[in-house]
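As written, the chains take the letters A, B, C and D, and residue 1 is the first residue of each chain.
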Amino acid sequence: MLDHILSILIFFPALAGVLGFVVNKDSIRSYGVAVATIEFVLALWLWFAFDNTVSGMQFMETIALIPTFGINYIVGVDGISMFIIILAAFFTMIGIASLGDTKDIKNMIITLLFLQMTMVGVFVALDAIIFYVFWELSLVPMLYIIGAWGGPLRIYASVKFFLYTFAGSLVMLVGMLFMAYFYYQATGQWSFALLDWYRLILPETFQLWLFVAFFFGFAIKVPMFPFHTWLPYAHGQAPTIGSVILAAILLKMGTYAFIRFSLPLFPDASVYFMYPIAVLAIIMIIYTAMVAYAQKDVKQVVAYSSVSHMGVIILGTFALNVEGISGSIFLMIAHGVVSGALFLLVGVIYDRRHTKMMDQFGGLAHVMPKYATIFGIMMMASVGMPLTINFVGEFLSLLGFYQQSHILTLLAGIAIIVGAIYMLAAYKKMFFGNVTKEENKNLPDVNKRELIALVPLVIITIWLGIYPKPVLGPINTSVESVVQLMHEKSITEEAKKRIPNLLEDITITKTSMKGAH
Amino acid sequence: MLSPVNISMESLNLITLAPMLIPVVGALLIIIMDLFKSEQDKSLYVMISLLILGIDFMALLESAGVFAKDGTVMGVFDVMMIDGLAILSQFIIVVASMLFIPLALSKSRFSEYAYAEFFALFLFMIAGFQFMVSTDNLILVFVGLETASLALYTLIAMHNRDKSFEAAVKYFTMGALAAGFYSFGAMVFYALTGSVEINQIASVLSDNNYADIGFVLVGVVFMLASFGFKLSMVPFHTWTPDVYEGSSSALAGYMSIVPKIAAFVVAMRLFEFLIHSGVVWLEVVLYALVVITMTMANIWALVQQDVKRMLAYSSISHAGFVMAAILIGTTQANSALFFYWILFSVTNLGSFSMLWISRQKKLPSGQQSDHSFDKFSGLAKTSPLAASIMALFMLSLAGLPPFALFWGKMYMISAAVTGGYTVLALIMALNSAIAGYYYLKLIVYMFMKDPIIVHNADISAVNATNAIKTIVGVAVIGTIFAFLTVNSLLEFVTSFVYNSGY
Amino acid sequence: MELFLYTALFAPLVGSMFAALYSGSPKNIIAGIIPSILLGVSLISSTILLVLVLTTGHTLHVEMMTWMATGDLYIPFGFVVDQISVTMMMVVTLVSTVVHVYAIGYMSHDKAFNRFFAWLSAFVFSMLILVMSDNFAGLFIGWEGVGLCSWGLIGFWYHKESATWAANEAFIMNRIADLGMLIGIFLVFWNTGTLQYDGAFAAMQNLDTDTLTWIGIFLFVGAMGKSAQFPLHTWLADAMEGPTPVSALIHAATMVTAGVYLVVRSNELYALIPNVGLFIASLGAFVAIFAATMALVNRDIKRVIAYSTLSQLGYMFAAAGLGAYWVALFHLMAHAFFKALLFLGGGNVMHAMSDELDPFKMGGLGKAMKGTMILMTLASVALAGIFPLAGFFSKDLILEVAFVDHHFIIYSVLLVTAGLTAFYSFRIIALIFHGEDRHTALGFHPHEAYKFMLWAMAPLAVLAVIAGFLFKGTYFEMITQLLPATEYHVHSAVTYWIMTIGTQAFVIAAIYFAYKKYMSKDIKVPDGTSKMENSFAYKLLINQYYIPYFYEEYLVKPYRELSTVCWEKVDQKIVDASVDGIAKVFYTTGVKTRTMQNGNLSTMLKWMVAGTVALLSLAVVFGLAARYSGEIRLFLSGLGV
Amino acid sequence: MEIGLNHYLVLSTILFAIGLVGVMRRKNLLMLFFATEILLNSVNISFAAISHYYGDLTGQMFAFFVIAIAASEVAVGLGLLVVWHKRHNSIDLDKMSTMRG
């Protein structure tokens, strides 16, 4: 069974979803929770079975699908992807568990299960086309969730979300086809297998073009400035669960893909585009943080804040060294946890007041102390307080990029200031002061069902903030191999210089370790 | 004093005629039956035509086997040419027809199916198309083309509603013009080379290496015009939406597939050699035609209020998309053409059959046309299954993986990439994005809006019978599980195309 | 021994968590007592550690566990107890124990009593992390931790707009500085390959000066934020919105001195870059006098004390900058004692006057609250630096340092500041306790604070008195095992005596002047009419040199407006609109061009023919071009194409 | 001068052009059909001429087929026309534009 654990992880939820049509409407929630829990347990099992010392792919499966055109069903997992999978399983679980009473809940839960299939699929796929299949497929359930359960502008938002991402990924598809063609020219046979592509060394100009092609697909998904405008609409209109999954997992597809495709395939191009992308990332960080500060709708604040954080992730990714990339991957998980939690929290108040406008609140700390406390913890995590999960990620990402450029890092570091500004402002508006609105006077504090979702998140936030090693270790192992691969593949002097060669560094590491003790 | 003509029957090789003769015989059979006992139920004729098509299919398998063994076969004074393209296209034609015929078994009665002639004409049409694709003799192409077209005009008209007559007239008139263009073009080539066989024309032209290119181009222009009409290339496309709207959904779906593939094959035979012998002009013009057709058709589809017209425009743009294969002209591209078209026919037949299923006899109040978008609003609430199936076809048409058409699109774009048409590849990709909008529009109506029009019956079943449901089911399975068949399909198609030298 | 270390470190955390358990429920005295006891425990274990360090001279270095490890980066949770940190531990634990006990009384009427102790103990824990950790990252944890707790405690009464505003201001200003600190840490890592103090400082010895300078500057920026040095000083005065014990503990004794601690801790670095040191010293001196002047006129007890804290921090930085790290640390310690004492006394007064803070409305409180008067007077004397109290030994030492190092400008500035300090301290003493009784008229009925609160303050008082002449020797012995042991002796005894006595005389004069001015009968509550209040200097000082105004007008407001612009104009009008624009272009083209399909047959036919003709003409052109290609080429070549 | 191939070709081209113009200008369905007939027959002329010029029969064969097809086209066309006339008793093209867009 362990040999096929990944396929099980992918297709179990979908299968369960199909069977779910049979389940009675009243007990569908328990069914969904059960399925999601099993999936989560399987994911945990994957973690325990995972060998931390191996840097390469594990639990690989290969099934011939279209051998004549080099398309095969290849899946595998390494330190980079594993935790995001676990996160996806986890969020689907608590998402379903914390689901309030929504209209036709049955469709919702089945859709969520299908969505889970696509999410897991994206992160384990090792064949470009398979990756693309899941990548595109993930749009459909999200489209439905936003469009069917969303707010007044839901149709506009969902269609925009779909088409924008769709357009971007079609360009990416062209890029993939080119990549396969180059492989065909080099080796005389078609292949879309990622591990085959890794062995391919392309001339720089090709790398640049292909990098751009892939960039469109990924950047829109992330979403990077200036392709980010679909996100606020999607978040603003989506139901709570939709925003949670979107922020926690779907956005990570983009950044994950950068690490999985762009960096190892086009090391020279990555170096070439490092500064432009870093600048974009910095614009994301500061500009969106300012936009977030201007918002009146707390959900929009969180939405823009997640764009801002994605900027830091991008920056860490393009640090092109172990510290930065590990940091960005860790930050993906961290941001998943924190922003997911924040969206859940916004959902909590939305369920009670049916508004997200901050001027409707104020003094909530008096009436909902528990809620205020959890919100406070999550806010501080999102601001990047040490000993919370976010800090580790941000610290490492910035630290990593500092090696590439001092001044840009200094600018990016402004994140910790502007982030604090909009978050504290929002918190002040919502929780501090006296209760002015009559309807806020006796709001019920968070109930059990919501705590089920929130408490685990708080625990993770603190635990991984204090002791990130169990996650950081495997990530580090895999990232080191990626960086080494990039260094060996790179052809330009610049790239050789920028991307550290770990085989040499080992000695230095030793000395620094000695220095440490 | 003429010497007596003596020709050995072997050299005639009449077996090559078999696939075309079978439907003709079948048609005659039906007519005779009608003579003996008229006013029989349509189901009889449906089943007979189905059987005949089945036999036809067998014959095709036979000739396929022959081709696989010893390549292209010429016959009947070398007029017939049974090569890979012919066989592949005939497969598509016959199978599509077999999928189409059962749609006649609709719940509500429609006048055309009452006549035996309908089915007879239908079979004649198939024969016509088969002739058209399995020859490289311009005369025979012309004959086949016209046989098919004339039959088709009549079939449209038999739907017996104002719009369908209008559609028939329009189609007919423009068809006549196209015929004129065709014959003129053929005349020019004949004048230039003294032959009407494409491969001889090719050889002659290349011998005097395109001395008077100007006249060649004149011929090419007229050919382009007439096939542009058949393939509904912009600006020769104007008939398409009206005719689709005028004719019954089932027939519209059929028209979006079968006549086109036949025309594609001829166009391929005719233009490939010109492009390969480096007629830059043709390359440029085709490039322009392809891009314009794809893009404009998509743009017009955006603004449609009626699903059927929307699908009409979408099929125009699909045709343009596939036309790129002829421009690219590599083996991969040519096989991509057939590959794409097979997958396309599955999906498109499916979607048109869904329209056919939901076809009311008379319009409820507030519904402008047979298949206006409003009609489908909130369908997910009333009949989720139908809505999901329709959505599935839409997604497939939009090229969303892993549904059928995605693989076609992917392979076609890849062909463009390998053929060195990078920009074209990008344009094709982005067009799929534009197309996404109007396919999504229907999904939005079905899943995200509340019912606008009150239907007295469940519209997803007003016209449904088991036969139609079966067809839809076939289409659904074909669409979802395409990825299992893709590999063998590719190998099959590629080998046939390659062995017939394209 | 490690046991004591961990006890000292984690006892407050436990206390905090214990109190946090009650945070939901109404006031419960237990939630105050347990944390205080635990802090006592922590104090005891720190004392034991101190004794250990004192006697054996051994230092303790433990590594609890790995925190972050990736690539070349390795950061453990490591803690070190050496002379510096043990001093800080003593100060922190002692003062906070006192404050805790005091707060049990002070906060007894507050309904959020339990929450208060949760925050307070949490603060102590993070402060201990700050001073005990053995690497920059750990320091940063504590650094941010104390920031967080101060945010929570300044905004403790979160229903007050001013309080929450001050809390956010403090947090954000500290964040600005922390960015500098973070960059400093990055620099340290990429240049030395480690963040451990010992490793890093060892590696720094052979780095080029520029890098070191940058490191020094960035780290000091961090210090400026925490220690509220100019221009990041405004938050400290506003932070007085918090409960008084908080002001005493965080904004006088411990947190604000973290910056000084950082500089002292990285003395090996700053020793290598004297220029930066000089800059620090000058800034310190400037802040000293700058804050003192603002304290002269202010009419809010707590703010006056806050400004005096600010100026004392200036002294410390001056000392540290000049390389007299041990002096700085010594003054830090002494100052912690008497300043905390002063604040707590102020707290008593506030209670007595039911939170009235304007000294002009008091007067003659001495009768009602003798204990408080004595304690506060002691503290003020110590602050003024009168022999033999603590202030004399620590502060005058700094003057000597400046003098001996021939930085006479700094020296004179600091000297003047000493006078000012004495003046404003006794200005409020006089206004509060002596002179006419102005409060009864305003309907106040002052009463002395609980006995146990006074007793709690007693140890501070004792220390304020004896810390100087009793500890200086031993302290010097101990600390100089780690810090550069630079003795500062004025070369000729004569000058020394002149200086000392001169300073004392000057200070005493200032005190006398203060008493004389503010005990006079005709002191009344200022109403903005008197000549002095309308003088420019007064306005300048009372408005804190218009710096907060400047920040509000030219930083905060523009930021708010700019962000609104970013959202409404840029994001919606430009970025998003362009995206929708593309879609719109397609759609409108569709709407416009669909007329081509007007359903009229002859139009359709016309289109077909038109298309054909167009292609035909293209063909003809091409054909002619092909035929006459030779001529055309000739023609073009004629054109020189 | 004696009539050469080119004269025939020119003639047929002219006829073809006339046919095209007719197709475009005529609003009367019947006239329209006539125009299409002209188109096809113009081609026949040149086919005949060319086949004579080359001295092989293919061209004439083609011409015969064209004639046959033209005939059948007329049959179908007139059929449609009659039905249309029955329903609307007009054969004016401009009346025939219920479908548009």
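Basically, a residue touches a chain if its C-beta (ideal position, glycine included) is under 8 Å from a C-beta of that chain, and two chains touch if they have at least 3 such contacts.
On a predicted model such as this, the values are computed, not experimentally measured, just so you know.
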item: Central subunit by CA centre of mass proxy; value: A
item: Most distant chain from chain A by Cα centroid; value: D
item: Intercentroid distance (Cα basis), chain D paired with chain C, Å; value: 95
item: Whole-Å separation of chain centres (CA-atom averages), chain A against chain C; value: 35
item: Where chain A and chain B are represented by their mean Cα positions, the distance between them in whole Å; value: 45
item: Whole-Å gap between the CA centroids of chain B and chain C; value: 77
item: Shared interface positions of chain A, touching two or more other chains; value: 163
item: Shared interface positions of chain C, touching two or more other chains; value: 583, 594, 597, 599, 601, 605, 609
item: Multi-chain contact residues (two or more partners), chain B; value: 169-170, 173, 177, 241-242, 303, 437
item: Every chain pair in contact, whichever chains are involved; value: A-B, A-C, B-C, B-D, C-D
item: Complex interface listing, chain D residues touching chain B; value: 9, 12, 16, 19, 23, 29, 32-33, 36, 39-40, 42-43, 46-47, 50-51, 54, 56, 58-59, 61-62, 65-66, 69, 72-73, 76-77, 79-81, 83-84, 87, 96, 98-101
item: Contact footprint of chain A on chain C as seen in their complex; value: 23-24, 63, 65-74, 76, 137, 140-141, 144-145, 148, 155, 158-159, 161, 164-165, 168, 171-172, 175-176, 178-179, 182-183, 186-187, 189-190, 192-194, 196, 198-200, 202-203, 559-560, 562-564, 566-568, 570-571, 575-576, 579, 583
item: Residues on chain C engaged by chain D in the complex (per definition of touch); value: 594, 597-602, 605-606, 609
item: Of chain A, residues touching chain B in the complex; value: 64-69, 129, 132-133, 136-137, 139-140, 143-144, 147-148, 154-155, 158-159, 162-163, 166-167, 170-171, 173-174, 177-178, 180-181, 184
item: Residue numbers on chain B that touch chain C, as the complex places them; value: 169-170, 173-174, 177-178, 181, 212-215, 217-218, 220-222, 224-225, 228-229, 235-236, 238-239, 241-242, 281, 285, 296, 299-303, 434, 437
